[in-house]
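Letters A, B, C and D name the chains as they come in the text, with residue numbers starting at 1 for each one.
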Amino acid sequence: MFDEYTYSELGSIFAMQGFAGISLFSVLLLMALGLAIIFGQMGVINMAHGEFMAVGAYTTYFMSTLTETYFPSLMPYYFLVAIVVAFCVAGVLGYLAEYALIRHLYKRPLDTLLATWGLSLIMQQSFRTLFGAREVSPTLPDWLLGSYQPTDTIDIPLNGMFVLALTAVVTLGVFYLLYKSSWGLRVRATTQNRVMSGAVGINTKSVDRYTFALGCGIAGIAGAAFTTIASTGPTTGTLYIVDTFMVVVFGGAASLIGTIVSAFSIAQAQSLLEFFISGSMAKVYTLFALVLILMFKPEGLFASKVRR
Amino acid sequence: MDTNTNFTLAIEDLTVSFDGFKAVDALNFYLDKNELHVVIGPNGAGKTTVLDLICGKTKSTEGSIKFLNKELTKMAEHEIVRAGVGRKFQTPSIYENLSVLENLEISYPYGRGVYGSLTFKRNKTVLDKIHEIAKQIMLDDALDTEAGLLSHGQKQWLEIGMLLIQDPQLLMLDEPVAGMSVKEREQTAELLNKISEGRSVLVIEHDMEFVERIADKVTVLHQGKILATGDMETVQNDPKVIEVYLGH
Amino acid sequence: MNFVYEKLMGGKQGLLGFVLLAALILVIMPMFFDIFRLNLIGKYLTYAFAAVSLVLLWGYGGILSLGQGVFFGLGGYGMAMFLKLEASSPENTKIQSTPGIPDFMDWNQITELPWFWVPFESFTLTIIAILTLPALFAYIIGKAMFTRRVGGVYFAIITQVIAVILTILIVGQQGFTGGINGITDLRTLNGWDITSDSAKYFFYFLNAGLLLTVIVISRFILTSKFGSLLLAMRDKEDRVRFSGYDVAHFKIFIFSFAAMISAIGGAMFTLQVGFMSPSFVGIVPSIEMVIFAAVGGRISLIGAVYGTLMINAGKTAFSESFPELWLFLMGGLFISVVMFFPNGLAGLWNDYAPRVFPFLKEKAKTKDVPPVVTDETGKGTV
Amino acid sequence: MKYFRTKIKGLMALPAAILLSTSCFAATPSTADINTTGLAITDDTVTVGILHSLTGTMAISETGAQEAEKLAISQINEMGGILGRKIEIVQEDGASDWPTFAEKSRKLLVRDKVAAVFGAWTSASRKAVLPVFEKENGLLYYPTFYEGLEQSKNVIYTGQEATQQILDGLNWVAKEKKAKTFYLIGSDYIWPRTSMKIARKHIENVLGGKVVGEEYKPLGDTQFGSVINKIRLKKPDVIYAAVVGGSNVAWFKQLKAAGITAKKQTLLTISVTEDEVLGIGGENLEGFYSIMKYFQSQDNENNKAFVKAFKEMWGEDSVIGDVTQAAYLGPWLWKAAVEKAGSFDVDKVVKASEEGEIELKTAPEGYVKLHPNHHLWSVARVGEWKKDGQATVVYESGLIEPNPFPEGYQ
């Protein structure tokens, strides 16, 4: 397959392929982070996670249209603002969803699955009513388009680099929040022993609500970021949900490190397979391997052996 | 190695570690036939973990557990039960939506396969056995009551009854009198004395008064290791035990 | 006789419910609906097989499968493969470069019938395949998962992934499967025109009869000790295990049985609708099947049938009048059934029917309808 | 039941309508004469069905088609209808779900007794309804360009079949761009696969070129990083693409981000119309080529009138893609055939369609003619995309004969 190429050409291809893998990794991780928090910390199966991503994407689209119409001079900068707004909008919606729906179902994880699926249907139809059935794309600022060329033969996509950087920032932020802040301590305490946490004066209800909102907010950031690589339609969210769950489950639900490792291995496996075999079979092999591994290691890659 | 013994239960060098923390550490423990043995110890001593290891709920890291000279560590939970080990959990573990009769019926050691359970019939043999056990556990008047409606003490008894109906050689009870009234404790003590005839019983308990009343032998567990073992008096006077319970 | 009454019908209430359902689908509906509507109802009733299977699996067993569409689809594909081979006789396909194989194979340069299609030339083997292959597939999945104590949420997600894998495979391997179009243009069954009115009537009644039979068999399972064990496993899995039962065996059995029921539904679907496509294998139909069961009441076999009929009739009616509202309604239904009516239609019936029909009161004992909502957090290994 | 937006009321008599008309004021024949099969026809009205997805994933694509069909029907009604009868519409939602399509088409034919149905979009939905139309002897006007390999008595295909779309475009690119090597990429389902098969045969056997890669991605997939690297490795003269739906947007965005732009790479696609550009964004497509039979920017009187009328009815922002235009032809072709047959009976309309040399001189795409094999003669056009989302037509073939079962391409 590689006979007729020079070493420098091959080197460039491998460098770019390596970046493709890393880029997919950052996409998967960004999708999964919010879910890892919600599913891992709270045990809630949020099937509407993809729709919260779509909320972020539509917010970005809305911001883009707004800026284009009223403040065209600000176009280069709107995207950064849009990410923050997407986080807030998705977070607030998540907060409301928790209040109206999720908090009644903590003891019935399978029921949260059904209820959030219902929520996702309602959200999809709302997108359709508000933004129309067509796929939309925000106008991207020029600095997000095109590629960076360290040499003549290497093109590194700017949007990929942006998503990578954003993922790094969000991941570090989540780590800080969960493991360094006092709020994170309360979240982890609540996860491990709800009754005891309540007894020592933690407002577990508020912890739940903000944790859920945070997870949804991160989904919103992911959605905003994905407008740079794909489009947004009412049913966009459903495309991501299975992949996202696989990443979280494969990593071992309660472990953020696990989620990162899992996103990395899935992304590398898939992008390598895709390089050597046709796209749709690559996907089948990847998913199949995941199912097989999960059968032998149902608790995922990184679940600590707990004394029960 | 061939280490057949006359013990009902012989635990040797048993160790289990959770991420490096040894909850049970090189434990050696023997239980005679017809012995009622109580394990006591402070919280986190590894008492419940020992029961978990015996009944297969937790897999050991090292060591052996022999029940009537049969190695249990490699067996699945249901095989251990079928071999004759019954276990009551700390919080009553009964089927709250089913009646007392159905609870006992499900526990009846017959029709345990898929096909068997489909063709299982509630015949006279079954009913007789259920009545006999119900009488023993003082629930013969409550056979049609939904189990969820029983008092806490009655639930504990029902779970004991569900084990008894299987006629186990080894009965393990995790805090059988927790949450019981004084009267219920007395009745339970009687019940235990009665049912320990013809089988070995291993009990975890905190209530020293109750322990004193039932125990043939007492073992004190501390940090996954045995601190002392013997009859109640010996153990109570053991300086190490006093240190753990009173000292610091 | 007592055996039939107690075990198969489930006592007075059960018998009444069963008779009402039988009367409705066998007598009343055929009397009041023309063949077009009846055919539609027949199609809905094929989904009811999957809904009933979920009552056994999820309502009683506490095992939520988000992959019932897989088995429904496998059954449907089995039947479709047989019908397609019949429709692809060398005379009918003489314009192809390889006559005698299905048209989509010819388009994909396949010149010989693939080996796994060959058994489907025989009707008997097809029926056997429909009854056994999906169950076997479920057995393998179940064996792998339940013996390793994969349960609860993890099981749900893995079954969902299996549904995704199978969909991508069917769509991607179009030379062997017909791809995204599915297997279409099915016309005759052993020479009998399946699109004729008489055939439609026949399949409707066959379908209804099979569904009632499946309900009776399921009743038998549920009223046996196996049924109590299922409930017991749902609520206190560890206790069952420590009562000496091999929990995995029971789960594998009920999962395989549920797969077989769903597959029958799929096969009947193909016969009545005239094609099969990968859109019945994926995530969405699988979750919809769960909601059919949930609306019916999760633990009511009969309720599942009504739930299926109600939602599908609603879908047809709403999509004719207010297509935009349909998703809102469906979403709202999911949420309200979980939050406000966890016992679904069956729960409403149990609450209100005895007031309307006093004679039902005496036997409305609570234990026939154990509460549905239990703490599932302790399920499975994780 | 009816799914009309209020805008429809403000519709004015349209120049295009008059231009398109072939027989405005025919005497009204009696209902018994023109309807011997019990269709839903009264002395004043005739009922037709529209069957597209209003909900679900396909709603995005099918919206334009049903809008065009309604436009054509309202224009025909403005002109006095067909055989003196106004057209009434029963609209059903296929909900992007193939069995629903089958169910609704049966409803339209059996319950509503519609005289014709305009609808279906994907091949899968057409395959699902086909047995119903054949069984109930209905008449379907199907608007989408598709893979061919089909010819039903009960279907009129107003879009182009694969060879009509593919071959001339390939000839053009081979000649114009001196292309020798091709990389084929599509979504993984029947239309791209069949199209690629035909393209490969043509490239290898007729053009003497070479296919250096062939790739199919699952529907809805949005990750093209690895594929793009493979393409870079192979350095094809032309990328030949048939990616659809949401994947399409991701594909072009990621191409652009990877630095593969029209300056460096010729790309020819058969799955991008003005509708898709809305989602993809003109800046991501600039300089790439589509092969279609119609582009909104086509400069002729018919098209100008059509675009104007369409925007008046459905809003200034609407865009019109290839399929939308093909859908617009449906009602007009039906009208012509009915008038030629002098009857609404499906058999007679079909016969007139096959033998009657039905033609539309005034179609937006230009002259079209119905072939006895139920497909349209059509022109292949190559359009070069501009940043504003419109295409410049850079090549036009002559009228190409439809050939749904192409010899040597199977």
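Rule of thumb we're sticking to: a contact is a pair of C-beta atoms (placed from the backbone, for glycine too) under 8 Å apart; a residue touches a chain by one contact, two chains touch by 3 or more.
Going by UniProt, the chains are A = Urea ABC transporter permease subunit UrtB; B = Urea ABC transporter ATP-binding protein UrtD; C = Urea ABC transporter permease subunit UrtC; D = Urea ABC transporter substrate-binding protein.
Please read these numbers as outputs of a predicted model, since none were measured by experiment.
Between the chain pairs B-C and A-D, more C-beta pairs are in contact across A-D.
Relative to the C-alpha centre of chain C, the farthest chain centre belongs to B. A separation of 43 Å divides the Cα centre of chain B from that of chain C. Averaged Cα coordinates give chain C a centre that lies 37 Å from the centre of chain D.
Chain centres here are Cα averages; for chain A and chain B they lie 47 Å apart. Among the residues of chain A, those in touch with two or more other chains are 125, 128, 280, 283.
Of all residues in chain D, those touching 2 or more other chains are 55, 188, 216, 218, listed in ascending order.
With touch defined as above, residues shared between interfaces to two or more other chains in chain C number as follows: 168, 171-172, 324, 327.
Chain A makes touch with chain D in their complex at residues 5, 9, 13, 16-17, 19-21, 23-24, 27, 125, 128, 133-137, 139-140, 145-147, 149, 155, 157-160, 226, 228-231, 233, 235-236, 239, 270-272, 274-275, 278-280, 283. Those residues of chain B whose C-beta lies close enough to touch chain C in the complex are 55, 57, 76-78, 81-82, 86-87, 89, 93-99, 102, 105-107, 109, 111-114, 117-120, 146, 162, 166. Put simply, chain D touches chain A in their complex at residues 55-57, 59-60, 63, 188, 214-218, 220-223, 225-230, 232-233, 246, 249-250, 253-254, 256-260, 275, 278-281, 283.
Every residue of chain D that touches chain C in the complex is listed here, in rising order: 1, 3, 54-55, 92-93, 95, 97-100, 102-103, 106-107, 110-111, 122-124, 127-128, 130-132, 135, 149, 188-190, 193-194, 197, 216, 218-219, 405, 410. Contact residues on chain C toward chain B in their complex (touch as defined above): 220-221, 224-226, 228-229, 231-232, 235-236, 238-247, 249-250, 253, 366-367, 370-371.
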